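Notes follow once the structure below has been shown.
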Amino acid sequence: MEVKEVLEKVKAGEMSVGEAEAYFRRQPLEELGYAKLDTHRKLRSGFAEVVFCSGKADEHLLRIYERIYMAEGEVLGTRASKEQAALIQGTFCEAEYDPLSKILKIEKKDKARVGKIAVCTAGTADIPVAEEAAQTAEFFGNHVERIYDVGVSGIHRLLAKVETIQSALCVVAVAGMEGALASVIGGLVDKPVIAVPTSIGYGASMKGLSALLTMINSCANGIAVVNIDNGYGAGYMASQINRLGVHEAL
Amino acid sequence: MEVKEVLEKVKAGEMSVGEAEAYFRRQPLEELGYAKLDTHRKLRSGFAEVVFCSGKADEHLLRIYERIYMAEGEVLGTRASKEQAALIQGTFCEAEYDPLSKILKIEKKDKARVGKIAVCTAGTADIPVAEEAAQTAEFFGNHVERIYDVGVSGIHRLLAKVETIQSALCVVAVAGMEGALASVIGGLVDKPVIAVPTSIGYGASMKGLSALLTMINSCANGIAVVNIDNGYGAGYMASQINRLGVHEAL
Amino acid sequence: MEVKEVLEKVKAGEMSVGEAEAYFRRQPLEELGYAKLDTHRKLRSGFAEVVFCSGKADEHLLRIYERIYMAEGEVLGTRASKEQAALIQGTFCEAEYDPLSKILKIEKKDKARVGKIAVCTAGTADIPVAEEAAQTAEFFGNHVERIYDVGVSGIHRLLAKVETIQSALCVVAVAGMEGALASVIGGLVDKPVIAVPTSIGYGASMKGLSALLTMINSCANGIAVVNIDNGYGAGYMASQINRLGVHEAL
Amino acid sequence: MEVKEVLEKVKAGEMSVGEAEAYFRRQPLEELGYAKLDTHRKLRSGFAEVVFCSGKADEHLLRIYERIYMAEGEVLGTRASKEQAALIQGTFCEAEYDPLSKILKIEKKDKARVGKIAVCTAGTADIPVAEEAAQTAEFFGNHVERIYDVGVSGIHRLLAKVETIQSALCVVAVAGMEGALASVIGGLVDKPVIAVPTSIGYGASMKGLSALLTMINSCANGIAVVNIDNGYGAGYMASQINRLGVHEAL
Amino acid sequence: MEVKEVLEKVKAGEMSVGEAEAYFRRQPLEELGYAKLDTHRKLRSGFAEVVFCSGKADEHLLRIYERIYMAEGEVLGTRASKEQAALIQGTFCEAEYDPLSKILKIEKKDKARVGKIAVCTAGTADIPVAEEAAQTAEFFGNHVERIYDVGVSGIHRLLAKVETIQSALCVVAVAGMEGALASVIGGLVDKPVIAVPTSIGYGASMKGLSALLTMINSCANGIAVVNIDNGYGAGYMASQINRLGVHEAL
Amino acid sequence: MEVKEVLEKVKAGEMSVGEAEAYFRRQPLEELGYAKLDTHRKLRSGFAEVVFCSGKADEHLLRIYERIYMAEGEVLGTRASKEQAALIQGTFCEAEYDPLSKILKIEKKDKARVGKIAVCTAGTADIPVAEEAAQTAEFFGNHVERIYDVGVSGIHRLLAKVETIQSALCVVAVAGMEGALASVIGGLVDKPVIAVPTSIGYGASMKGLSALLTMINSCANGIAVVNIDNGYGAGYMASQINRLGVHEAL
Amino acid sequence: MEVKEVLEKVKAGEMSVGEAEAYFRRQPLEELGYAKLDTHRKLRSGFAEVVFCSGKADEHLLRIYERIYMAEGEVLGTRASKEQAALIQGTFCEAEYDPLSKILKIEKKDKARVGKIAVCTAGTADIPVAEEAAQTAEFFGNHVERIYDVGVSGIHRLLAKVETIQSALCVVAVAGMEGALASVIGGLVDKPVIAVPTSIGYGASMKGLSALLTMINSCANGIAVVNIDNGYGAGYMASQINRLGVHEAL
Amino acid sequence: MEVKEVLEKVKAGEMSVGEAEAYFRRQPLEELGYAKLDTHRKLRSGFAEVVFCSGKADEHLLRIYERIYMAEGEVLGTRASKEQAALIQGTFCEAEYDPLSKILKIEKKDKARVGKIAVCTAGTADIPVAEEAAQTAEFFGNHVERIYDVGVSGIHRLLAKVETIQSALCVVAVAGMEGALASVIGGLVDKPVIAVPTSIGYGASMKGLSALLTMINSCANGIAVVNIDNGYGAGYMASQINRLGVHEAL
């Protein structure tokens, strides 16, 4: 039930003031006993609650999916295991699971996708993180262009895609090891770049810390960084920015 | 010379196979027309070049100011020392210097400022970095609201300003030491938050690295991080975002 | 046998001076061969020896439980595996095992619990560490209130519980990732806050080091930090503080 | 305006559904009455505001001292420079400055000091930090015993003071370099120990980080750690604990 | 098909200008859908594409081997698992796999090997990394001398091989733990030394970071360092240098 | 060939100037007679070669044991797995394996053990490393006293053993977590203390790095540190020192 | 006196065998009392001793310059202060000092410079380190092309210089902050690239460590890294490589 | 009062059970006779107290020198400034100050120096730390051989001194930057090597941490490490070892 709906009912006398008050007091913190889901979030942020599946017990996970599905008609889950996918698909046969991005979602059909977010990776090994970003942004109704394997050690591959990248309202740059992709892209576009270091690599990559440092130290303008492997976070922020820019792009 | 042209010449016997082979050795980059990339930065990004004054020799600095002023009619310089300010003001009497933010600028009059960027700090010691962000954004034509000294260890101070912060199109959160401000703001707003760790502090703050780690690890959605003390970078990216959102805000 | 009891027996002539002397010489260091258990500890600190089960060989563990049970009539063990639980429960059928907190205990019935310790977590993933703290404090006779999943990225959840938290004599704040919970709580209460970083997280959380740094750098007053995942240590110190404050709270 | 009031107005048609929806968008925070949190700090915590002098501009510092003096009749300032001391003493002739602890205070006469806090240092070089802790605690009305230069590399010095340390309600252990003092004291007392690493040292002491790690990893029970050189923080928390325990000690 | 060949065909009228143009436009970025292989690389660098097998899906890996084999008549793959070796050998029966170096290659027969590269290791545990370097260099047509287990803690072993090492045009020094081998060799030869830290070790070796720091800090002249365990990178660069020097050595 | 000889030949025209120049190019090392350095290790150091078993291939390991046994009549191996033990015991039925210390040895009977080395541990979890040290020292003919589980958080346990520790010619102090044991012992004895950090622990112990830092920063005199978990290294150096001191102790 | 010259004299009977022997024995280690200069170095490595001026006492420095000048007729000194320059110029009026690179040299006239080394920087702030590399290489007789301020955040600047860079036999890539320059160049050239991180920067650049990590983690082939700010080391190794390649370039 | 005595009094009714219980609460430490530990340091360790001058106030320093001089007839001070030297020399005209090692001492005449300690350095910049070690050892009556500037990047310099180093009973190896000296020496001698990292260096030397790691990771036997720049600590421990070995050397 939506906020507006409750208010309409109050106005129409179909719901008492007491019932409505109880609703509003309860609603932001409605407890599942183990975790407090914020169903008010969509109202505030425009984005529904997203489920971080990793480490959640089966029964808990199922109840969370049920509850959000009830409230929203769709659910986005990240970092889901194959076992969790099977579990949710047992109840929701329309649930889709992508083993690459580990996204487990129930999505409304025929969702319009607006604007343009470019999601780029340095190598093929960075694609799982990039897909988490891309699919998150798509779930939130944004149009995404994927430009993968354009790392800076073969700069012509990136340059061949410059026009596509420049046409986006926001760019997500995903890279591990030396993480230099964000800097080069930052110098090529005039829109915000969200840099995502990945834990892909070996030796002194230190599970993404080196790439994180490279990106934080970028000399290019218009770059900010999210946590290592945090494709979801990049996709979320790109969605916020893309939405802001849709009017301009039209 | 175009690829086609070379091939035509080979066909016509006007160019030897060896000459053509040498051409194609270099070709992967030249053919992409990178020279087209070398258009004026302002044209590409909408923002004119900014001068990072720190460490520049006097004569060099003066010439840069003169060149940019000639081209743009205004100049923004960051991290300028008092001595550099005196130098530039000797030539450009309208140059303004703010010793707090270390911004040294010549700015066009009556610049319109659109949208709204909220710049917040945890403590008073973070203000110099925040001012670098705020004045950069203002120079680029954005409206800025300053909300200073609202650190999370006295959460009521922040909560008292929630409406103002929520009304912005983009938020810059500046904090040193534990750097928790960005997370709390990230949970309160539905617009992108750019987090700026500061080197203010002592002990285990490690000149901003602790705050940087806190911000990168934020559990809130819609937060990305720039380098320690990089107020300019935050102001720049906030300007990009705010501009995208101006249409929505109108 | 208690110290007082021995002395009463000496006074009453039921025990010779030689026997008593041997008792006191032997007692603080009474050896099990492999580890020196300090049964004098309870006398000194008011708390009996607690068993850190992790890594202990089966036979050793069983003998330690037997010895402490003999001396105290109850035993508290932390970081016990399921296998260790089965082992101890084979001998002590009244032993209880909680797979979440990994606490394996034999506890006296009807223990009075005094004062109030609030144990808070940022997320649901921090609950195992919080339970180690809470159950340790309860075993030592303290009343505990659990306030879970009140992380700062949704500050209203925490604020909804402020009165409960403020009514405690000591607060334990458990958080991973950015670890900002302790700072916010520190600004809300006037009692000591013991911060526990957790190793929960990914990317730049560095297995709890980031949260540890955040907490150590807290700008709030009245916060001190224990080791990553050290719920037991927090529960112990909270017990010491709560006990000191019981008189005031009455 | 209360939730109920808004709903009554909607029901009565005095407020449109749109206005009410906007209200509820902001509501999750406002409804919790956070304004009530904004009571005076002393009322909440029992301790008046303390001034962190380092880095404050002269005029600003003076005004803060004047304001707090007006409200409290006394002022505690930490990390004050000699120049700042001279400035404040120019206005407040009764202001006292200790160049060792860098505490600059105006204190009410004949303050009663209750309970007992033991402040211990490993070496003589740790005394400035210890004095910040001790004088902070004394300002807040606590009785402090100083036990200095009892580092663990000469354990008999510490053992000679055991009874004094054991008689305190709370112990502050200040140490640099290897920082082992806290662990040894933790094993000797049954009251909480607040460990303060100091930046004193050279080589691999890494300005206190090594001592911080030692203290965080302590195997003794009842120890928690504050930031490097944070004598004030330790003195504050010790004051909270000592006050809780005063009743028991009487 | 080689560049020259295409051009010859154009000259001979066997290929139209349009076909050739399409070839040159497509060729550097010829897509496999998931990864863009740079077949132009050999033209530019003199070395064909090398396959980093680790983590690649079976089908992808097979297609990459097929494609490179088609273009080059041979393939070099690094970090291949036993399973990947079996997979490739199923299709290419002439493929050779070395479980020590994890190199999986199809190599042209009777390849001439020129110049001399000395590959040295400190211990026997460093040999897998050294073999990756040596076999890479051999694949690229260089003559390699292996000098293994000559660590500096038994300096006579190294000195006994000085003449061999001094006769090389380039030296690769592979070492873990303290990593001092590169410095000693650097002082003994007048040719470039490429230092490779290995992750072999325990304790404070920090998976090769200590060795990396040792090598980067070397006081000897003519030493540069590649990533931890990056035998391939060292072999590649040694090949570049050796090739430059072949003329001198003749 | 000697320098003089070469010169005589040049003088006599039996060697050309060019040949002689080539000789002197190599000379700085050869002239020092480094071959003399290649004497048998036992002759030089008094200790036979020790086998680091971890990671060695079965056949290789067996051959090493055979070779050393042939030469010395006994073999000491460290870090051996159960499987390696079974392998060696298949050939050498008198080989003994201790799964705690992972030492796999064939030792001569009735070896005299001289002097006294005290091996101390902070906890029971440090015993495997301590046993590696103790058994190494015993194999090399030294008398060892074990004093285990005397960590500084229960200082009376250590003090109860002071006389034994003080009677040793060298002390090995093994500790993880906070690693403070070495400092306390260093203050109690007048003989060298070799500190061994262990990787035992959790949280901020960082696999022994914290203990290593504590020990390196020790304020006590006469302490030096070996690598994390390097019981063998400590046992070896203690053997060198103990042997030096045997004469004094007699 | 050259080795050859000595030998010729022996052959000609102008020098006795004994005198020559004494010469060869003494020469490699000829002592100045405080430092052992290796005059044999030029023979072995082809490069004369270079003076690291920083921190050397005046008298020592002067004597070293005198001695090398005597032996070589020229001297190269690095990291010289202005005061040291004045000192040396007091004795050697032909000594030249460059305050940017801090190189203080006495150089033979009309030195031929062969081959081509490209020295590139990301920014203008990296130029001092680049000049140390370039001038070192020039002193050793190599031709150097300087390509400065071609950082990757404005990739067109670098691309405009591709042909020059590709024509070099060896490239030195100097960069601070994110340090991505080496990776991009590595992908553009087929010759070895020596990467030099610089300590230029602020925030998380950690005095060059971030750039060092970026470069070590480079995904491009043919890159190796020297110490932070070690322009001299890069210039030295580039000289070795360039010299090897001169024959090919002719 | 003895345990037995207390018990006799309880039995005799001369002491109440409560008084006796209080006694036994404190007993575990007192009973061990720790007061016996408080004997004079020199008696225990054979070495008189040494003064760490750095940071001590003038008056305090003077009083310490006077007290120790009174007791011992000589004083050893380390890390003394020129000003402190002048101060002490004002009172003790026989005090000697060495600005290189910063040792400020009053030493008895004609002290016998026994045994042999070799103190080696990698470079000339390490000499101040080496002199602190050497002069400390000499003050304690040990014979010291100095072997300076024998770093491993010119191994012939070290080899030329092998016999001298091998004749010592203990070796101190002092090195900064890559710190490889200790490993090479460890492989050449059969006596204990004490490694001292120095903070000399730049770039990734991280003020000695890199050298510390190199030394801790040494693969050579018989090496242990003291703190960065801790020449005093190395000299002290070398003195302990040398003294043990004097009998053997005679």
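We just call them A, B, C, D, E, F, G and H in the order they show up, numbering each chain from 1.
Criterion: contacts are C-beta pairs under 8 Å (C-beta built on N, C-alpha and C of every residue); 3 or more make two chains touch, one makes a residue touch a chain.
What you are looking at is a predicted structure, and each value in this text was computed from that prediction instead of being measured.
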Review point. Of all chains present, which has the mean Cα position farthest from that of chain D?
Key: E
Practice item. Please report how many Å separate the Cα centroid of chain B from that of chain E, as a whole number. Key: 41
**Study point:** Euclidean distance of C-alpha centroids - chain E vs chain G, Å
**Key:** 27
Check your understanding: When the C-alpha atoms of chain A and chain F are each averaged to a single point, how far apart are the two points in Å?
Key -> 54
Practice item. Please report how many Å separate the Cα centroid of chain E from that of chain H, as a whole number. Key: 49
Review point. Listing for chain D: what residues touch at least two other chains?
Key: 28-29, 34, 37, 155, 159, 188, 203-205, 209, 212, 216-218, 221, 227-228
Exercise for review: Return all touching chain pairs.
Suggested key: A-B, A-C, A-D, A-E, A-G, B-C, B-D, B-E, B-G, C-D, C-F, C-H, D-F, D-H, E-F, E-G, E-H, F-G, F-H, G-H
Exercise for review: Going by the contact rule at the top, pick out the chain F residues touching chain G in the complex.
Suggested key: 3-4, 7-8, 10-11, 13, 17, 20-21, 24-25, 27-28, 31
Revision key, fill the gap. So, in the complex, the side of chain C touching chain B is made of residues 122-123, 151-155, 159, 177-180, 183-184, 186-188, 201, 203-206, 209-211, 213-221
Check your understanding: Inside the complex, what are the residues of chain D that reach chain H?
Key -> 124-125, 155-157, 159-160, 162-163, 166, 188, 202-205
Practice item. Note which residues of chain A are touching chain B in the complex, please. Key: 44-47, 50, 155-156, 159-160, 162, 169, 188-192, 194-195, 212, 216-218, 221-228, 233-234, 236-237, 240-241, 243-248
Review point. Which residues of chain H touch chain D in the complex?
Key: 26, 29, 34-35, 37-38, 55-56, 197, 199, 208-209, 212, 227-230
